[in-house]
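Multiple structures follow.
Shared between the two complexes below is chain A, which has chain B as its partner in the first and chain C in the second.
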Partner chain A sequence: MAGAGGGSNDVQWCFSQVKGAIDDDVAEADIISTVEFNHSGELLATGDKGGRVVIFQQEIEKSQPQCRSEYNVYSTFQSHEPEFDYLKSLEIEEKINKIRWLPQKNAAQFLLSTNDKTIKLWKISERDKRPEGYNLKEEDGRYIDPNTVTALRVPVFRPMDLMVEASPRRVFANAHTYHINSISINSDHETYLSADDLRINLWHQEITDRSFNIVDIKPANMEELTEVITAAEFHPHQCNTFVYSSSKGTIRLCDMRASALCDTHSKLFEEPEDPSNRSFFSEIISSISDVKFSHNGRYMMIRDYLSVKIWDLNMENRPVETYQVHEYLRSKLCSLYENDCIFDKFECCWNGNDSVVMTGSYNNFFRMFDRGQRRDVTLEASREGSKPQQVLKPRKVCADGKRKKDEISVDSLDFNKKILHTAWHPQDNIIAVATTNNLYIFQDKVN
Partner chain B sequence: MINTMECAVDAQSLISISLRKIHNSRTQRGGIKLHKNLLVSYVLRNARQVYMNEKYAEIYRMQQYEEVMTVCNEIQELNPLDLAEDCEEQRGDCCGNGGVSEPASLCCAQLPVSQLVAVQSAHMQTPSACSAPLSLQRDEVCKETEPSFYQSCCAEAYPVSNCEFSPVNNLHCNKTTVLDLDTHVVTTVENGYLHQDCCASLQQCCQGAQYSGKKRKVDFEYYISDIEEVPDFTPCKRAKFEDCSYANSEHLDTSNISNLISIFGSGFSGLVSRQADLEQALALNGQFCSKQALSSLGAWTRAIVAF
Partner chain C sequence: MVGRGVKRKLSDCEDQMLDLPYPQQRQLVLDLCLDKLQSCQRRAEPSLHRSVLLANTLRQIQREMRQEGGPHPESSPPAPATPRHSPDLPPVPSDRPSTPVAALSSSLLCDDAQSTCTELPKGPGSEDGGKSPDLMFGSFEITNSTSYLTDLQLDDIFEDIDTSMYDPSDFSVLACPPPRGSSGASLGNDYNLKAFSTCTTSSSTLQMCLNDLDHIMEILVRS
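For the complex of A and B:
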């Protein structure tokens, strides 16, 4: 398989697979809410609004001349159920907000999945052998009368059809008053953080009955609240460092060695607001919806409503790169406010070698920005482009009235078709793009 | 400065949309989303700022007009023949700036010194001190400009110019037409008299220049019907009264406001205190607009941060 080199203009993206119902009538429970590759890229997990986790496994088809790979369903399980908080008379949604894979230590796979209030550690293990030849038990489980046993034998393991089991190993509950928006696993492989609107807690993977609060931005008087935490992530290599983003468009980097409570940041990444762009909705569009460290740990990427920005951790006053995702929406903000689209939280992701970043948009468009070559491309995830190996054609949105052929005008965009969640294989040029209820997998064209 | 030209929505409709969102969030599954409501409150605050700025600008223009008219009346009473010319000159100067309202003090600065005393006292006088038809017009303007307070910030600027309201200088006045986007009332200012060409929901407000006597009665009735609703002292009714120029579709928002008030209690204490102000303002009539504007200042601030 080709490495993850090359920019968006070198790579020709081809349709590989689409998972999910073809039906246009989308059941709310089927709406995909998170997508995540594991560390090897062999497994791809999705979470949905119904609280289910579906894991796909990559199978390399060596029989074909080109080594295409396909992702097939590996395991499905119900991670979270709807709950009711009787004290506050609040229903707790079962929607999976985030999935994060733990680094693999043994044959089993582990992942953390979270809804608004509770984080669960799941063990996904394979069983392809089973013991046979018990003395006191029949194969179907019925017990044998000991008096009828005349000879003894040693049970042996025999192959069986592969069975994938998912079992909840830990439940981390009752630590968050507000809605959990992020979980992030530490590079020490022992701890992880969970963040809600106002607080960040540090957990040990083995200990469920307590967590340490490391960030608390709740004001003494809630009337003075001006910002909330929107995302948080641990540094990929430095186990003492994490960042969290806020609704005001700032990112704070904290060092856990400095103090037990990291309310005071070590670094504050903030870009001055452009006064010429001030509008009723300036605060909304500057709110950061996602923050991701680069794999090398030197940069971090943030996504706000209209743009993707890349910050160098060594420079706090402005981002090193800014990419406009859909600037043509700036004049449509009031309509997007009315239909609530302005509150959509888009995620973003890096490719394996940090040369390209990707994020979603509306009309089932998604965008890739090649950092080195300074080029970008808009692609579409649609059933029309779903013939096997079909190369995706770049799309273009026409902002003004002069629409060229094959361009789509801003007013024709379907704002109900949004790509909020995307993921990039850690090594290869394979991407997973989630539309409302379908998961598209695209790969680069293998010549 | 907020760029208010981004789309054809006014601050008022943004406020009502935002309140609706906050209200709806209470019944959404999963509980109130703190992040979303915080962002909505920012939009509320921004819209309110624009709305208040427009309102203050309007009040300022109105006050200037009142002062100038007061001065002119004073001058006319003193010496109608000689000073009418002076007044025309003043207004001409004002109008010569393309309809931009000059501060009354500037206009009056050109008056002879002997009349400056009268001018200064006129500044302190209430609008009701002026002659009846003029005060009626002024009140009329006040009420009619009240809808204009809620005009789209993206709409044409409210073209108040002193000369247009002058009953004396009817030679060079332009006809100005203003459409209230909420009530769909078209108001024409012609030769110093106000017309309302068409009226959707506020039928009783339609008047022509020649029906000045009837105008007053109709206005009074118009307010009476709203006053009767007010004494309930519920925020719902109060909001409806002060939103007398709002479209009927805004009624939903008042129930939203009352719910919000019931949730947040003291956070909306400013709104409660406005009730007394409003009743006072009714009696003063002409001062209703400015009082309302000023009394709302603190309430909204507290309302927005109540989250």
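For the complex of A and C:
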């Protein structure tokens, strides 16, 4: 069975693992809100609505004929707690909106996690040795009376069971009035940006008590507000360049060398509207929910409600590629507006060599688009397909009434089961797909 | 949205939509828009992004309706004109808007740490410079007076009510405001309206609920 390929061979996606409760009754706190591989792919972090971060570590089983790898829990910690804003009588959710890994510099791992208001830098370090043989302390910690000590010894490090500790190293607070939707680490390895609905701030990773405001689109009169920032990201190689997307479907590229406040863009990426598709909901579905640079820095991908579009940074008037994620929903927009699904924010991601892109949909479906081979596939993350190494069967949604065998009609789709967050291993064909409260890991069959 | 494995399906909104002529489709979307804007306030996590998208949709529809010419009494939104929009009344507290417009303004302002009660606009009727904010609808612009309810011909309100289940003699007593001190039902105007609240159309029910809310707000603000 062919899947979307990432090279000359067809990739066959197989079930590898699923994490999370099997129960259909989803606890609100367990809803996964972000998924991110680190730069080597060895670690996979998830954040949830309850403010927790769970990190999985890859363990490669070399004993098998094929190198299977498994992700097992490495560390779990409470990143954010709910807060209450007494001034506005509003609760600040502890939900983790984004996690971004810092490039590794030493033995420890660092990541930034953010909720609506506060960004935190976490250090995750391993401890596998401990000192033993204190002169004044027993092994259980009780103090020894110095008068009873007759000989001295030098404490030595002895191996212990691996302990993974997560500690908050920096808290970047009080810089955002509106809800933070993005964080992005700069290629200079020193700074990062955080974006909320109306502003983008630039931080130094070491300095928590101040940040520079680099974009501000708040109008003087809030009643004139018609557009908000929906996502922002630094260019992977050019430390002076970043992009931000808006609720009107535009992307602006800014150069921080041009001025301190980047309210004026260097480039504006905007596609003219297709008049034949105009409806009451045109603007809502054009709102961009995610923007991601390709690894090579030449392209950027955006996700709006119905499509994924790839832009060449050198061409501002239209995208170079457009992929329909679930075009069959276009005629159902009124219902989706009524049940609020039209406001769902889907993310998207690139594979390691930028040849395939992936995004989620409803009914626990997710889609992959092979740019080179011009093929796409729809797969499903479900418990039914979850026998070890079971190859995923491509799915098809039937838009009209003539449903073929194995096809699913649009009206049977479950809109409660949405895949908003997906991640692709930076080098290998390993993907992490988050359903509401479960994390699925799929791998390429052939290795 | 904690599910018990219950599938959420597409509603039959789509079927309704397709059967309707364009103005009614537009009205349906407009009604949904207003509902959502109001519920924005009640949500635990108000979203500026969502509010802005809803407001833009609302504006677009309103612009279209305006371009089609003039005020449209039968197609104007069910949102009520309320006494709160009179310029000399105190501003609505920012966290409890009583109308969709105020709801929109405060939802846009609610996340702003600098926003206070005084920043909130007093109401569309009081905007300066002849500016007609796109947020307003025709019905809001009309209502500058506190006597909106009494100015209306009561017969107009009751036109479309199905009165078949009522005794015609009772109806005639209630429909006509009794002169002061007359025998029989010495009911105030408010009571007349409230008595019929259960048999009005949904848009009037919305109007009633919002009127109730305004009434409560008035009491709270004055106390």
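Operating definition for what follows: the second predicted complex is superposed on the first by the 438 of 447 C-alpha atoms of A that agree within 3 Å, B and C clash if a C-alpha of one lies under 4 Å from a C-alpha of the other, contacts with A are read in each partner's own complex, and residues count from 1 in each chain.
The rule we apply is simple: contacts are C-beta pairs under 8 Å (C-beta built on N, C-alpha and C of every residue); 3 or more make two chains touch, one makes a residue touch a chain.
Fair warning: this is a prediction, and the values are worked out from it, not measured in the lab.
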Checklist entry - In the superposed model on chain A, is it clash or fit for chain B and chain C? => result clash
Checklist entry - Where does A:Asp411 make contact in the superposed view: on chain B (first), on chain C (second), on both, or on neither? => result second
Checklist entry - Where does A:Leu90 make contact in the superposed view: on chain B (first), on chain C (second), on both, or on neither? => result both
Checklist entry - In the superposed arrangement, does A:Phe280 touch chain B (first), chain C (second), both or neither? => result both
Next on the checklist: With both complexes overlaid on chain A, does A:Phe343 touch chain B (first), chain C (second), both or neither?
Outcome noted: both
Next on the checklist: One more residue to check, A:Val391. First (chain B), second (chain C), both or neither?
Outcome noted: neither
Item to check | First, second, both or neither for A:Ala399, with chain B first and chain C second | outcome: neither
Item to check | Touched partner set for A:Asp25, first chain B, second chain C, both or neither | outcome: second
Next on the checklist: Applying the stated clash rule to the superposed structures, which of 98-106, 170-178, 188-196 or 296-304 from chain B runs into chain C?
Outcome noted: 296-304
Item to check | Touching both chain B and chain C, residues of chain A | outcome: 88, 90-91, 93, 178-179, 197-198, 222-223, 225-228, 230, 247, 280-281, 283-284, 287, 331-332, 334-335, 337-338, 340, 343
Checklist outcome for this item: In their shared complex, chain A is touched by residues of chain C numbered 1-14, 17, 25-26, 28-29, 32, 36, 44-50, 52-53, 55-57, 59-61, 95, 105, 108-115, 121, 133, 135
Checklist entry - In their shared complex, at which residues does chain B touch chain A? => result 1-4, 6-7, 9, 11, 14, 17, 21, 29-31, 33-36, 38-39, 42-43, 46-47, 50, 267, 302, 305-307
Next on the checklist: Under the definition above, what is the set of chain A residues touching chain B in their complex?
Outcome noted: 88, 90-93, 95, 116, 178-179, 181, 197-198, 222-228, 230, 247, 275-284, 287, 330-335, 337-338, 340, 343
Checklist outcome for this item: chain A residues touching chain C in their complex are 24-28, 87-91, 93, 177-179, 197-198, 222-223, 225-228, 230, 247, 280-281, 283-284, 287, 331-332, 334-340, 343, 410-416, 436
